[in-house]
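Below, each structure is written out as structure tokens.
After this come two complexes, each holding chain A, first together with chain B and then together with chain C.
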Partner chain A sequence: MTAPSAAPMLEVRSLRAAYGKIEALKGVDLDISAGEIVALIGANGAGKSTLMMTIFGKPRARAGSILFDGRDITDVPTHEIARLRIAQSPEGRRIFPRMSVAENLQMGADATDSSEVDRAAGLERVLTLFPRLKERLSQRGGTLSGGEQQMLAIGRALMSRPRLLMLDEPSLGLAPLIARQIFDAIRTLNRQDGLTVLIVEQNANHALRLAHRGYVMVNGLITLSGTGAELLQRPEIRAAYLEGGRRG
Partner chain B sequence: MDYFAQQLINGIVLGSIYGLIAIGYTMVYGIVGMINFAHGDIFMIGGFIALISFLILVSIGLTVVPVILLIVLLVSMAITALYGWTVERIAYRPLRHSFRLAPMLSAIGMSFVLTNYSQIAQGARVKPVPPIITGGYTLHEGSEGFVVRLSNVQIIVVITTVVLLAIFTWLVSRTRLGRDMRACEQDQTMAALLGVDVDRTISMTFVIGAALAAVAGMMYLLYYGLVDFFMGFVAGIKAFTAAVLGGIGSLPGAMLGGLLIGLIETLWSAYFSVEYKDVAAFSILIVVLIFLPTGLLGRPEVEKV
Partner chain C sequence: MTAPAPGPVQASRLPGVAFIFKKALISALVALVLFSLMIGIRTEAGPTGQLIYWTRFGDLAAMVATVFGGSIVVELLRQWWGPVGTVRIVPPSVQSTLAVARRAIAPILLIFTFLVPVIFYDQRYILDLGILVLTYVMLGWGLNVVVGLAGLLDLGYVAFYAVGAYSYALLSTNFGLSFWVCLPLAGILAAFWGVLLGFPVLRLRGDYLAIVTLAFGEIIRLVIINWQSLTGGPNGVSGIPRPSFFGIPLTPGDDGLAAKLGIEFSTTHRIVFLFYLILALALLTNWVTIRLRRLPIGRAWEALREDEVACRALGINTTTTKLTAFATGAMFGGFAGAFFATRQGFISPESFTFQESALVLAIVVLGGMGSQLGVALAALTMIGGFELFRGFDQYRMLVFGLAMVLLMIWRPRGLIGHRAPTVFLRHSQAISSELAREGRG
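Our next item is the complex of A and B:
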């Protein structure tokens, strides 16, 4: 399944990042090859979201490096990283509440200076994936329900026609049915368009079933990695992220 | 009634000038969350540049008034915009990630710098100009001999304001730059994640605010026929009051607030006492803020997210 390619699309090497004095990433290594879905799982506060944001330079890495297509982007300004067609649906969704749904989607397309044709095609694609957004196009983002906002955040990221899509907890706060739709949509995008995906999830079961490979993060460090199926079988994963929650 | 109509006209003209300045306050507040106390002085600079470019054009022998006005308008907008850009670049941007009060203190400092710079460069005396636009229309002649007049200057001030507001509204609501500005206002980190150059967008906000203040400065020059180095202070505070009254951060609010402050001031001066016109304007501000803490068109801080 994993596309064989010479070098990974994204290489993260010994990455360290901190918020003030609190070190959130303590030397993270992670690879994503083109065409892969990679899941990043771990408890709250393990540093998963920080890793995604650090790839965008928010916060800046204190040490280590980030390579995209072999190019060192560790110190590239955030807005230029977006232009390399890396897109993120971040923690907390961060849609623009006082912009219409249509404008939120346009912001996504603006990220890569899409042509009018690309914009129309991108919009068509997003509205096919999330028909619910179609009825809401002229509504303000802040008036959407949580699930709709999630769809909008993912749709906005897709509007930039990303090569690498990073999704932070796409199923958070969603009804199981809608979460399933979103996971199906990600799988479709990966299979049909070869979209490369990094997905952070609390729902490790879903994420690891979806992903080709997974990484487990604990306290700012990667402690385990392997294929999705492998990780699902590991007793410590089952105990910590799959069954533990239910028992507790 | 005639007297009232005349005051209404005067109030709207004054309010247009306040409104144009108030937009600069509210835009900058919306996007970087600071009160740009130097904005009133940017308005003053705009007035001076209008005066200087007017004198230059006349001295080289240009006599066609509409052409002069258009050139003066464009020149003062461009040069004042450059001032706005420079102020942001040297006094605010380096402090962007400092503590919250730092840029505000820096703004107060910039205000002093600009005031004193003009005083030194242009002198402390009031600079009068002969009326550039004369004439007008008599709208109504009352029985007691009171005449309601609408002067050509007043017409020009109001028309220019309306046209610029239309362009400005289009820019904010329909263009990519406007969208980027609104995105930065709502969530700078997310805007950057979507490829928006936040620093550049903030710079453009200062540029646009300064250009509108320059228009206000030129209108002030045309209307009152004078400029002086200290005129930015009171006008700036009035316009700031207008922005707060309308709801700081709201663009239509800034214009509405400007009109209201202009009207309150004019009507109070006409019916009560000129000396207390500022007291009246500020009292109404206080009353409005007691009942509507976010101003007339302001939005509550908490959004459903």
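Our next item is the complex of A and C:
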């Protein structure tokens, strides 16, 4: 594992974003260092997905700044952000159902103008990580099971050989056993490849166990942050996200 | 049609005679109500303006009987066919024969098309029909890029056809430019208009996109009608030069192709030449589309059709992707338009009505969105079918509509709904059970 360096890879500073008049992010600060897994947890509508999408440039930030490797990417077009090797696996997987698994994976590499060698290496990595996809390469994406589709969505994001991978609810709608496989794969990626990961989750227990650090978001603001283990011990976290009773 | 009531499995699988008759009776009753006024009574204005009418109960009875009988036949067919999703066991030998036939159909069709002018050399009608069909094949393939691949519903495709046709007509009649110079120009101009249409509709999808493209088609037509000084308005442009064989005219004179080759002049030469010209243009469209589909841009078009949000999440530039789809489709429409102008020698706004757009769109949808062979087959059946039923003029649309309904019931994804993958594996992926086990489940 790469040791977290001094300057964070991604710095989010008092970021604000809104959908029309509804403000979804009300000044968010967040840091991710290289080689870290950072979990972002919070209830429905807290603004977790919005934060992730705003980092990716859609919707645009109203105020504040996003720095990647010290470079301001707040106003960089979405397709340019992908070229900086930030990859995203959107909520609900969103694979291309009528295209084959192999084509889905190639789509991930298309945006970054990958060479044939890079594509082959990326494909190799994805298929060793998710051997199941190897059996399904020529199958249509829509015929895969939910877990396989999630693997495909992550694999597709990995095809651009990202430095920062952002995952939106990778365990959504998956059986616990499959969800654990997905989390295991993320841990492997982080340990073996030194991949930096931002993971947005409602499944706080899983996410905080996996992550080095975590942030808790409520109503468009970060209310708590700390290491994964610390957050798991906090009584308010246990009450809100781990022991059933879910508040606003 | 109501589905059989869910009962015991046996009963629901095979509804009895009573059920079939009940259903047929209901259908016949509906037919009786519908047709009693439409067919049963015929009214006309008499010589002095008074109303004269007569009854045609014989025809009405025949119609109702047909519906009754047809309903029984349909129900029997459905039972024989089994419920939707039934896995029918087809003998492997038949399956392999079918697979061979399916693979052979495209090459056979292509070879036959190449031989059409040889086989039907003396039959001008067939050659003309062939040219017409090929024009629609080309238009279908062009629109297929926009609708079939990129999933952008375009109801104004005829606009680009018109732009191409008028580009050639005006450039050749005003500046004396030759067909071969104008052909690329027509394509470029049409592509330019494609991009121009693309910009305002970047954010639109589905129905809204359809409405704007429909309006765009009408705008182009209305501009052509009203800009009399340039386009000649409703009178159109006439005296459009015929294409030359790369500079050598196809005329009876001394400098004509026939004289140079030392053969006797015949007007058929020009028809045959036009046939091969449109065939070449259509094949070019097909080849370019197939090539593009294997490149990232073609893949991006298809991904855009599947899920625009996912495309953006992958960092695909959706703006350029959409604009290139519009431009590419429009360019082929422009080529086809230029060909149309040179074949007809005369064009007017009447040739570029919404009906043309609808026809080409129907070809793409019936053919199976995105399938090249399907589009060609659909163009052949639709345009050929129109000609076939020319004799039964008033029933033509009826048959056409019926065919469409039947196709949408039995093949909702179009004639050839299967989508061929574009990424192939270089080495065969024989997965050992070991690997599968390694896959943690």
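Heads up, the rule we're going with is that the second predicted complex is superposed on the first by the 241 of 248 C-alpha atoms of A that agree within 3 Å, B and C clash if a C-alpha of one lies under 4 Å from a C-alpha of the other, contacts with A are read in each partner's own complex, and residues count from 1 in each chain.
In this text, a residue touches a chain if its C-beta (ideal position, glycine included) is under 8 Å from a C-beta of that chain, and two chains touch if they have at least 3 such contacts.
Just so we're clear, the structure is a prediction, and the values are computed from it rather than from any experiment.
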*After aligning the two structures on chain A, examine chain B and chain C and state clash or fit.*
clash
*Looking at the overlay, what does A:Leu137 touch: chain B (first), chain C (second), both, or neither?*
second
*Check whether A:His79 is in contact with chain B, with chain C, with both or with neither, and answer first, second, both or neither.*
both
*Is A:Ala111 contacted by the first partner chain B, the second partner chain C, both or neither?*
both
*More residues of chain A are touched by which partner: chain B or chain C?*
C
_If we overlay the two complexes on their shared chain A, which of chain B and chain C does A:Phe96 touch? Say first, second, both or neither._
both
*Identify the partner contact of A:Gln88: answer first if only chain B is touched, second if only chain C is, both if each is, neither if none is.*
both
*So, A:Ser160: does it touch chain B (first), chain C (second), both, or neither?*
both
*If you stack the two complexes on chain A, which partner ends up touching A:Arg62: first (chain B), second (chain C), both, or neither?*
neither
*Considering only the touch criterion stated at the top, classify A:Arg191 as touching first (chain B), second (chain C), both, or neither.*
neither
*asked:* Just to be sure I follow: which residues of chain A are touched by chain B in one complex and then by chain C in the other one?
replied: 56, 58, 77-79, 82-83, 88, 90, 94, 96-99, 103, 106-108, 110-112, 156, 160
*asked:* Taking the touch rule as given, give the residues of chain C at its contact with chain A in the complex, in rising order.
replied: 296, 299-300, 302-303, 305-307, 309-317, 419, 421-425, 429, 431, 435-436, 438-441
*Tell me, which parts of chain B touch chain A in their complex?*
176, 179-180, 182-183, 186-187, 189-198, 299, 303-305
*Within their complex, state which residues of chain A touch chain C.*
56, 58, 77-79, 81-83, 87-90, 94-100, 102-103, 106-108, 110-112, 130-132, 134-135, 137-138, 156-157, 160, 177-178, 181, 184
*Which of the residues in chain A end up touching chain B in this complex?*
56, 58, 77-80, 82-83, 88, 90, 92-94, 96-99, 103, 106-108, 110-112, 142-143, 149, 156, 160
